[in-house]
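Here it is, the structure in full.
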Amino acid sequence: MSFAASLYEKAQPIWEAGYNHPFVQGIGDGSLEKSKFQFFMKQDYLYLIDYARLFALGTLKGNDLQTMSTFSKLLHATLNVEMDLHRAYAKRLGISAEELEAIEPAATTLAYTSYMLNVAQRGSLLDLIAAVLPCTWSYYEIGVKLKGIPGASDHPFYGEWIKLYASDEFKELADWLIQMLDEEAKGLSSKEKAKLETIFLTTSRLENEFWDMAYNERMWNYNG
Amino acid sequence: MSFAASLYEKAQPIWEAGYNHPFVQGIGDGSLEKSKFQFFMKQDYLYLIDYARLFALGTLKGNDLQTMSTFSKLLHATLNVEMDLHRAYAKRLGISAEELEAIEPAATTLAYTSYMLNVAQRGSLLDLIAAVLPCTWSYYEIGVKLKGIPGASDHPFYGEWIKLYASDEFKELADWLIQMLDEEAKGLSSKEKAKLETIFLTTSRLENEFWDMAYNERMWNYNG
Amino acid sequence: MSFAASLYEKAQPIWEAGYNHPFVQGIGDGSLEKSKFQFFMKQDYLYLIDYARLFALGTLKGNDLQTMSTFSKLLHATLNVEMDLHRAYAKRLGISAEELEAIEPAATTLAYTSYMLNVAQRGSLLDLIAAVLPCTWSYYEIGVKLKGIPGASDHPFYGEWIKLYASDEFKELADWLIQMLDEEAKGLSSKEKAKLETIFLTTSRLENEFWDMAYNERMWNYNG
Amino acid sequence: MSFAASLYEKAQPIWEAGYNHPFVQGIGDGSLEKSKFQFFMKQDYLYLIDYARLFALGTLKGNDLQTMSTFSKLLHATLNVEMDLHRAYAKRLGISAEELEAIEPAATTLAYTSYMLNVAQRGSLLDLIAAVLPCTWSYYEIGVKLKGIPGASDHPFYGEWIKLYASDEFKELADWLIQMLDEEAKGLSSKEKAKLETIFLTTSRLENEFWDMAYNERMWNYNG
């Protein structure tokens, strides 16, 4: 079993809980209140900006031209393509460009992006890949599962989201990160693998915290 | 008004809410359940380890020997003095050294330390100081206020905590960071000051999230 | 006078010495021995890889989407366009792709790229811009001066190099960095400006060390 | 053979060349011109400041308290003990404290410290150790060899330097770094080991460039 496959196996209980979260189920059966999805789209916009920074760090830390060049294409695609898609989608959901630019990060968004950026700046390229992989990989799995629900991908609001994350292009991104993780992890010590497993499982849990934040439209736990 | 004083003024509503949090009030009147304080001491142990890393970053980013040397003394004091105090205190609270070494970070602890470490690694020395200052400064203010409550600093469990954070040594640390912030901020552009203000207010809010996490003994929001 | 203009003025003696270096003069009058230019092209290939990492750091440290996006376009252009140009040009000079991939860095190449990457990782976005600007700006000035020499840009080997660095596209890159330096430096303290000046003048000197390294085909000073 | 021992073996030709450099030989037989040693002491002062930053990075990147704490003791010892020794020694060599504070870095000093700081910030803890180890380890070996020369350690100027680097305390520092390299490198992939070898051999060569810079009192190669 490859290293990535072993991480996948250990993360299943967390990813299952994520798929079963009422937010994700609500996208699947179309019952999710629009305000919750709008909250999600706003915080996801901030998340994407920091996700692009992580691809920039991949170029900085890549040890060969091919790795550097692939991360730079991912960065370029995220900043100059995916964010445009996001802005257009947000507009159809009634969120203006001005609103998008003025969003404040919720505590969970700060937790998730800061955790990945801290791990990636302090650690190695492998630490970075272990941190970013759960988001891409689990989104593709959720996209495919939801697409299997009759009518889900035709929903006026949520269909587009389901089709995006179930797409071959998105699968390609996940596959590329999985392949690089397995390539770079060859011959790694068990101590190093344990460290990467902690990172992988932590960002898997932070994915679920992100669904929960959006479902509860929660900026901070304490608003005393 | 100095720059630090202006940040202090803007943070008051958040610091007031922090002082009024039932966790802090419970330390003051001695009513806080011991399990909540044990939860706090464990997560605070992890927090201290990353706080030491921030002092190490201060040495890395300091532009003159004096700044580098002072941060190295703070690092040395935190890792090789304060953590021993913490272990001894935890032991008296029934938390063994083994338990301390095996603690898993709660989501809020990850959020707070990752946010500071990300800001400090990505930004300048000033970004780092703006991030770490609220913890030190607000703890000293809370310590002094609680010490003013008759009998609070004699409490068998919480007295020691109150006396530590109301101490002159701790005030010296806060004063040193305040003085360096004002020194380094001289002539700063309003754009730069706005960025530092956002950092200062964010870690002020994360302080309150930390009290709330401990009071609710909350590891994750979602445990699906 | 803008901040960039003030740096330009202070760097003139160094840039003049660079323009008058026999390596640069040899490109202008076509007398430069081919082996020296081949040495230069090989080390410049390694330089470009680290220059791309600096653009990645610009995306990481950029505080707004526009800055991040522009740096990501520069990164994409460097890694996925300029390096192809470089490989093709090297081939016409008799340097195979395999040779390019096997190059060892000379001491001066290590000095220059490591200095910029250290300053950029340790410091702020402004530190990064002050470090990378002399290369782009002085190359454009050298390109325009050499293009003014009758027949220089028609030279079978060196004409292409002169036309590339005297081009409008290349000027656009320099102008963009100059404009961002002036934008970000508004209201900066004199202490901060002095630090940026040191960085700017150091990389200006390292430019001259790079010409000198190539002219003498020097890998290390000491080969005991 | 341990990993550190394998690196030691591969570096011997470079370390031999370093020991045989006229600068080192001149310290041994006392013939070294005082101005060359003064040049060395000034640049070594700047080197020590950045060497302290590397120990700070060791604390930042350490994955356990013991590693963090040991690096913080090394940082504290370097900044708050060794630099005082250096200032006192410099004074006896006729270099005032003011002169020490006003030193400009020579190109080779910039090359060496920037290379280590870039590698350490971009890479992992192991990259950092591989970068800093040649300096400590080769200085101890040179100290012991020179101490074996009759009368060398009684030289009015150079005796103190020889005794410092041949001392048990200094050996302890080298042993600690060697032990940690071997500990952390257990189970490392050959690809990772090759990368660490490149770093180790590069800083070994930069050591020799440092002797050569001092012997020639060379600030820059090109002073056009």
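Observations, loosely collected:
Going in written order, the chains are labelled A, B, C and D, and every chain counts its residues from 1.
FYI, a contact is a pair of C-beta atoms (placed from the backbone, for glycine too) under 8 Å apart; a residue touches a chain by one contact, two chains touch by 3 or more.
Please read these numbers as outputs of a predicted model, since none were measured by experiment.
By the document's definition of touch, common neighbours of chain B and chain C comprise A, D. Compared with chain B, the chain whose C-alpha mean position is the greatest distance off is C. Note: centroid distance chain A to chain B, computed from Cα atoms, is 30 Å.
Chain A and chain D have Cα centroids separated by 44 Å. With each centre defined as the average position of its C-alpha atoms, the distance from chain B to chain D rounds to 36 Å.
Annotation for chain D: residues 60, 122 touch two or more other chains. In terms of inter-chain touching, the protein chains here all touch one another pairwise.
Interface residues of chain C facing chain B in the complex, by the touch rule stated above, are 60-61, 63, 122-124, 186-192, 195. Across the complex, chain A meets chain B through its residues 17-18, 20-21, 107-108, 110-111, 113-115, 117-119, 121-122, 202, 205-206, 208-209, 211-213, 216, 218, 220-224. Note for the complex: chain C touches chain A at residues 49, 52-53, 56-57, 59-60, 65, 68-69, 71-73, 75-76, 79-80, 83.
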